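In what follows, a single structure is set out as structure tokens and then discussed.
Going by the order they are written in, the chains are A, B, C, D and E; count residues from 1 in each one.
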């Protein structure tokens, strides 16, 4: 047993080393700075919980927490549903499926600045294709739903919706992971469902989703985590944190600004700590909800520990 | 060769239409970038480029390659990807495999740590990592850009591998144990080949992440000679608005290798064992 | 009354391999047809064609008088046991069995009750809460059977549903299948390798070979009047001994190019010398199977197997006289393999 | 000579279920032991315990005189056929068979040649290039068998390796297994549900029940002297009829609390009235199995099965006289189920 | 101060700069020219693309104890470094220099980089606000071109005269007959930012902070400042500036380049971009005033890091970079107004024949230039006020509320700034 156990540990070692060296250690270093006044240039003094006291009063942080949480609430479910839907649509060999898969992945590969620019065009309030489309069915400058077209870049609500919309096009990662998980599901399970005359919805609910449950659970958690630190570059290009004062200021943007523009590293670390706490809380809540559901399924048929 | 699918014809047709619609929805916005890049640089900026370009020219591409020093940047990016992506997949799959075999407590801990690692905002890591690489005298080399391969580029990927390896029937593991395979051999001969779709998918994702990594090079790279594509692109993005086509051309050029990798990888998704891709 | 199941000119290709090549088959409503055939003959493919799991490349399938060729499996109302059980890994035994009912919108309680009853009928009542990977092979197979039997379809398709069960359980499951079948009067196609199962269970037996039906008849017919040499040698454990007509056994009036067949059960072995009526052979090997023994004999250049009571078996190396009554001989065309009526047989007609 | 395989007090728990509860077993070197037992009895668990795939909770395992209890499976040098085949989906048939050899560093060509030979011996020579999902159930099983037989281990562990094969193939595979076993002289543990396979193949038979060995003996012993009522009823298809000693059959000198057993093969059925020596029963149902028929009789309150030649079978509803020779009767303690010597038996000792 | 002066060919001098590709190319040319002019010297250019990237690089590298020897920074950001002692003063070196003299540079620029009596950095350029205008439009609608000394009200009137619909008719907000008519050309584009209002407030005799040397709060509640704010925030109501939606659809710069904006208040930066304009003629005019001429300083400077191990070599490079040939190289980009008087007044900057024809106004305004206060938290103050002002500008908040909000948003920031000095 020893030889195998040693090898297993070796197999895990690079990752653990990376994790410790590149994430855990740096993260700890930063987090300790949350209790200091650090400006990266000269001083660094311990100030206890002052940073936290300040961020409790900081309107930017308030707004960012609200924005990040609302982004999480909308984007996580929407992204997941869309990614799963697309993965299930495209997992089979049909004409055009390959192209479509590549198409879904591609937005994630477009450089962020260009991607932001593209959305700036798309969401252009006057001439943007998105609004042009919305105006198609309507008349008198109203959309097909009879509402005024959204002001993606100037109205706070619409701007946040715009950011969520943007996020829906970068689901490549979730999509690919669901797709590969779906490909690994046993065809026999589907034959059984087919024989029983299960409708598409029932197959989804009773076979596919439960079998994918562990993967989906992980993806939900990951997306939650990611959405609380959503890459701010496209958002920055498109809305620059506004419309004012803080309509699309997310936590990640606050951290970056405080740390590297205002050189308030200690304070940024406190915001990062806050983000971390929020994320861990969100993840724990979700995990409680997901755990029972995700226990079986793909993992259910899993192997037992062998060399343990 | 396409084996007879089980779905009856109308089903398949509907799926084909769906695929076409998805392609259109996801690709047409990107067309804007393409047509934007085909405009003549130096003209007044437009509100948005037309979907169908009025005049087509590649002047922007020439200028981009020249001013952005894209060839050298691409070479640097290639080096990073060529070393980083395989290394990252190796780390991820080895770790994912080990997790299926180690005691449950270890697994749970490592997965929790991975989740925690994903939780840490990237900006919070920037400075300590800089200090770390600086201490190791590795700034201004490509090493810090390859280093994230050690955490599998994203701590999500070992977990995904873990789930994939877990889904392999226990029998297959038993077989390998009977044949006295070491965990390493089991990983290489039995487990890894069975999760090829996962490897292909994660290869594409890892490549995209590595290829478009901009925060790390921004901090670690000083010398223009080691700039990677995202940095070169960032420089071009700072150009005046009338030179936007140049930036877009560079963006398109930057995207092309990723497109290639995605295309190849997605081809591999299909290549699973079994009628529907399942083992 | 319309037939329960009709296949006409059914062809099916799996991958590049033609698994079925022209199956014409009519199963009466309420009939239990057993399908026999060597490994790879296309038995599972036949069931899959009926269920609609694989698209047939030619021909038509009708169930209960309804052409289902173009219908999806779910629309065909068949219930199937897969050769490899095929349980849903994420469901408990109870949920696996109740799956079909739940899909059809049955109330959770009612479905659970029926599942429990079905599990009890296959002796798995205490496994309801387990998941498939926690079951032994035979237990999985029984759960799969329960899942199929719990429904009331137009056709049962059972692919070696008892292969992993012990003899006792197999007998009782066989009875259970028959009982369900008789109670519901459901047309059933049952694939098995077990001869006694085939004989005991089947109203008729279809012998499949290389994607074609070699013989279709009652167990009696298949046993006593194999239509071809192949069926003769395939049915029975072991199958008929086949010898050239000019070999050691030489019944009167056999065509020259024929081959003779005789079941091991009909080969009488007597200690050599006690009578001269028969050929002289040597015992090569003896296998005892409980009450009976298989005696492997060498008659000149030919190998012959005899099934004799274990108590009176000869010992290896013994020289014995081998005797076969004329009425137990079968003749087949040496080239086509088709059955040729023998005088003795012709007389009984 | 050391024993090929020794298990002492082996306990094994799967999940929370005690699958083996105290197995003591010695298999001689070169012996072929057949394991019989009902579904869920622990047969597969026994093989897994020997292979080391599951850690035993108590006891020791020794292979070829070497205590392997603490060794990992790979160090035990066993070769196994899994009940569910366990083929690797990404490898071709050839590579699946060659898997073990390639791992051990065998030259690619040599391994391929051996794989081809092994495939040919199980009749899969033309499937070498296919992948498992392109095979029929029986073909998969044969490939699994080939993969096990291609090696030369200290112990073969075969878990129902022939379950999905037709009778003809099963007979020839059985011969193949025996041949390999005889050639290599390898200790073999073979799980099967097929009685004739057990009888034909096994040097000895172990009957497992609920994780314990109920009887261990030669096929003859198990058949003729079942150690318990359970073995009596389990072995045979169908097993022994069991009747109370004060029931319709009443041999001289039976203890009051005993149960009598008689194999269906030994129940003689004669048209009622032709003789008065025996009990009178009524025929309830008749199953024809080729040459034989099973006659289900009712003797007063008791059900009895008789195996009679199909030609002389009675019809359902017939009233018949049932006779059993005394020497064919077995007696068991009604409470413990243990065998009780009968006078007739005692005499033959 | 532990530099090895003897060794000329020691470590190369590292210079961190940010800019567009053409600016970076100019720096590269500068470095090359220096290396050629000074045998054995080497310069390593560290290129960032934007000012933000530069800040990130400077801060991480200083924190990581590997700062560049020199970096280029805007004086509005330089306060954080000056205050925290990250910079090496150059007062003594300048005094001792044979080639560089204080009087070679515009004092307004030099002053902005002086901190507690020390010259912390040497300015590379000196820019200011100007009104870019579309001369073709002025001619077409026969509106008089702006002249030096014009008043804010003149600007507004001019803007009104130039705000036209697609048919060329003037559009006036509030006039019923033109209500709802889409505006094709707006009269004026000006970003609602503190640094745009500041010169106007100064011009009106007010100030933006209580004490320019040690600011503790904004003083926008003075009558002088109020008047300017009032006028400024009125612009959208008058309808001469594009609405927020229109700005988001097309920003001022693009709007001007597209000929849809008659006047645009900006610094020298946009010149290069506008030189690509072919569709119409354009020029620059001085910033309008209230009572007295006033303008705001835009300037970048070379700063030397205190922990640099190579300060002497760095200084030698500085001497070259700010010399006539060095400064001329940088002036050729056209983006900036050179801080070196001799170069600013040469053809290298004034570049006769290329627009803007009235480049001289950038020099003329120099005497009226004022810097914003040097305080560590100035970037934060700009961001915070920007948000309030943008809201007020486009949504028409009442003036009192705006001033209150501005004060509330900046008080603590000023406090922090004061604390860190």
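Following the convention adopted for this analysis, a residue touches a chain if its C-beta (ideal position, glycine included) is under 8 Å from a C-beta of that chain, and two chains touch if they have at least 3 such contacts.
It should be emphasised that the depicted structure is a prediction, and the values quoted were computed from it without experimental measurement.
Following the contact convention of this document, B, C is the list of chains adjacent to both subunit A and subunit D.
Fewest steps needed to get from subunit B to subunit E, stepping only to touching chains, is 1. The count of contacting C-beta pairs peaks for the chain pair A-B.
Averaged C-alpha coordinates give centres for subunit C and subunit D that are 21 Å from one another.
One finds 57 Å separating the Cα centroids of subunit A and subunit C. Measuring from the averaged C-alpha position of subunit A to that of subunit E gives a distance of 38 Å. Centre to centre, using the average C-alpha position, subunit A and subunit B are separated by 16 Å. Shown for subunit E are the residues in touch with two or more other chains, namely 56, 60, 63, 249.
Residue positions of subunit B touching 2 or more other chains, listed in rising order: 6, 47, 126-127, 131, 169-170, 172, 174, 177, 234, 237, 274-275, 279.
With touch defined as above, residues shared between interfaces to two or more other chains in subunit D number as follows: 72, 84. By the touch rule above, subunit A contacts subunit C in their complex via residues 186, 188-189, 191-198, 202, 206-207, 210-211, 213, 296-297, 300-301.
On the side of subunit A, the complex with subunit E involves touching residues 39-43, 59, 124-128, 151, 153-154, 242-246, 257, 259-263, 265. Of all residues in subunit B, those touching subunit A in their complex are 2, 5-7, 12, 15-16, 18-20, 22-23, 26-27, 29-30, 32-33, 47-49, 51, 90-92, 94-95, 97-104, 110, 113-129, 131-132, 147-152, 155-156, 158-160, 163-170, 172-174, 177, 182-184, 187, 195, 197-198, 200-202, 204-205, 208, 211-212, 214, 230, 233-234, 237, 244, 247-248, 251, 254-255, 258-259, 262-263, 266-267, 269-270, 272, 274-279. Listing the residues of subunit D that touch subunit B in their complex gives 48, 51-53, 72-75, 78-80, 82, 84-86, 88-91, 99-100, 103-104, 131, 133.
Within the complex, the subunit C residues that touch subunit D are 14-15, 17, 36-40, 43-45, 83-84, 123, 134, 136-139, 141-142, 159-160, 163-171, 193-196, 199-200, 219-220, 223, 233-239, 263, 265-266, 287-291, 294.
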